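Handing you a structure now.
Chains: A, B and C, in written order; residue numbering restarts at 1 for each.
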């Protein structure tokens, strides 16, 4: 863990402390662990988003991708489907939708914030046009969130997320691909001049982000048992906030998966504490948005201070 | 493109080309037009303002509340307070983007949620109903100038004011020309001694002020405001209208007339969908598809232009 | 009557001094040429006088008054205008607006458009250009855009003018017209300085010539007091190093370029590079050398053939060409060569991650030891392999860029200005390295504007001028004078 990762960890401690003063129930481990189930989807999206932001791009479409994947899966797969097939299909469809984003950015050369804003509307729009005001039944693997690790109070989904984030962290920090993502995010031109496959890397991060959104659809569907077009609104905000608060530079190049995980736990704890304090969900979202802007501001200040440091002649 | 939609819709259902349809298109236009007019200079400077939908919601509710508490307030005061509140909210974006150098998309996605949350705080679970809104205001949507069988409602006339103002500013004034210069070539603009920061600052305030005005128009159009739904997805419509209206995402050019045409197209698509009997559930997809199509046309155009430059 | 006096101007980029305590006097009515080899500090001098870069030391006086310019605008307000090689401009604004950019005439309530167009037309008239001021700038030719740039200076009342290689992109007729304008400005009492590579222009047009070498002032010549040969000798300066290329034992042809065309930059260029051979692309800035290098590396679109080891690589991406054994050290190491905020390790191994990984997993120990080893080989001075590259000096940054290329084990190494902006010691190290690599059988294509460097390293020298090959010399037939003459289109008999 680097020093920047410690910021969300410190904030997390503060939130947990404040939460415990608000309600005696708050610091109840089984309660907190079960609450974590609600943030598994955001966690997966943030895991994929870390790659996208380190690569110097942004993906606003993740929540819509999750909803569309959930919609397709529940429409096409029956209750007798093998869970493995279901997960594989979710991930595959998510990756495809992510590839569309990637193609718009690399081949169409549309700035990613516009390209993914367009697909954010389009993907959710398809789900809405398809489902209408009705909900679709999630076919298999219902109630995954109620499955606990042996006799412990630890539910499975957060454990799976942590495993996925751990693996993703290894990919980001320890593999050739992760190195390429950081290089492209630092300076795409220099990366091209150094013989790195810049466009393939960009395509891959959007596909990866889509794949994570597809996996998130499995947990969302399994937890709720039904799929509606308006699920998961604002999840992209939680994800982006977690990535940026976790110390990943919004300008790309530098990032930390451990920071993302810590920051997502922070967002989860903060929202839970606010919930305990009776703050409405709509207002909780505001706090997350403010947190995002403050994190970028803090990052800018730190960057400015660093640039002013003397350089060795 | 507008023509295509009109022809398709008329072919499906001759009723489409009726004065009633036209009236509903005209009634649909003002709010979108004003928000898109706000968005346009932002996009010319290569930025984006996603927060406008929430600004519209927050201002509509706040102004509705002001009117509810002081029913005797004249309508112009309501408009003034809407404009002022919008400009204030826009100045927050302006400070973050122009001075603190936070990327526009991050700034405005943050304020998108912040302003929506503030709307909830102001609303305290209540709504603004038609009987809370001064009839002088709602009448602006019902009445207007009769041109033969159609009525051009007063709200649309009001929306033309910022339109004319922006058209004049962009075409004729120093600040407007500098907006194009900064969007087209920021490095040269700085070397020529233009104040890039001030321009960025101004466009986000303008966008906020327009959204504020649109909030009051919203109040007059619907007479009903819920903090949860007022202005939701409006930013998407506005960005679609601007991009469809021929403002390139690479910045530096674009015209107000193009934006007007883009808004008309979106209004026609919208009203067309309902006349064709397509459920409201298709709206979001339609918006998304329109933005996608516009971005693709823009990208293809850019590619064609680049290859022609190479060939020359 | 206007004049500019500069005393002791010193300019440094990232700790490397590019201009050391140079004096300059521009007097009214005079055309002053500023000449020197590439990298001698000509442009830096013009930029320092016009507020584009801030000198670290020195005084500038305009009409006897000391001035300090924080930015180009302040310089322009004081009457100093720099005309750039690439015209600045706003494609979507009109000619009139571009001419008056930054100081549009106002009247109550907005811009005084009549005044804008009148003023623009008048300024264009003054330099005998008749352009409709309502046209969009994008529709203008290169020469017309240049005229708009000039008119902009006129509109702002500039009295001290610098032209930075302004004639480079113009045809002979257009450039004759430009010099007529300069002469006219001088006749009106302005002080005019122009930076150029074309010695012909210097001989024909300049009244006084300031000669720079390695960032120092080496001479001020008056018209008629010198020959072109004197000028070349002064520019090249030091007697050419006696170093000569490594003993030449050419192997197989590694790179064959045939009829290469890069639209707008390069026309029908052909040459070969053999294993163990150093081929230099010499020529002036803008002659298309970097465009050739980048086309060879797959970084731009081209027509014609590029063969590496006998295979046409037309369809290969830049990444694929690196895998085939081609490596590039680009000219602009800050933006193209290096990832400044990342570590030395990351940069050095960026192009050879395949070697330093097993099934995609990075071998961090291998990366570290290879970086340390290569650093020792290249004489890299650093604190830790994890140090950020941006904290290194220019010479050490260049060594990291070289390490990156070498760790990719190239068969063909493309070096674009390999010693620009590096100190003497590092320059010597780079030269030694190039010789060693050639001895080991690596084919090297080197773009260099540093003539002694070209003479010391290259077995063959391909001289480019205006996008085409102007001459090709074997090392033993080449002299700096011949190269300069071929590159600038002068008469080689005159130079020798």
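Keep this in mind: contacts are C-beta pairs under 8 Å (C-beta built on N, C-alpha and C of every residue); 3 or more make two chains touch, one makes a residue touch a chain.
Just so it is clear, the structure is predicted and the values come from calculations on it, not from any experiment.
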item: Chain contact topology (line, ring, star, complete or other); value: complete
item: Pair sharing more residue contacts (C-beta pairs) when B-C is set against A-B; value: A-B
item: Chain separated most widely from chain A, comparing mean CA positions; value: C
item: Interchain centroid distance [CA atoms averaged], chain A/chain C, Å; value: 45
item: Whole-Å gap separating chain B and chain C, where each centre is the average of the chain's CA atoms; value: 47
item: Euclidean distance of C-alpha centroids - chain A vs chain B, Å; value: 30
item: For chain A, residues that touch 2 or more chains besides their own; value: none
item: Residues of chain C engaged with two or more neighbouring chains; value: none
item: Contacts with 2+ other chains: residues of chain B; value: none
item: Complex interface listing, chain B residues touching chain C; value: 172-174, 177, 180-181, 184-185, 187-189, 191-194, 252-253, 310-312
item: Residue ranges of chain A touching chain C (in the complex, touch as defined); value: 174-180, 182-183, 186-187, 189-197, 253-254, 311-313
item: Touching residues (chain side chain A, partner chain B) in the complex; value: 58, 60, 104, 107-111, 113-115, 117-126, 128-129, 131-133, 229, 234, 237, 240, 244, 250-251, 280, 282-290, 292-293, 296-297, 300
item: Contact footprint of chain B on chain C as seen in their complex; value: 52, 71-73, 76, 88-93, 97, 101-104, 106, 110-111, 113, 263-264, 301
item: Interface residues, chain C side, partner chain A - complex; value: 14-15, 297, 299, 317-319, 321-323, 327-328, 330, 335-342, 346, 350-351, 353-354, 357, 360-362, 364, 390-393, 404, 408
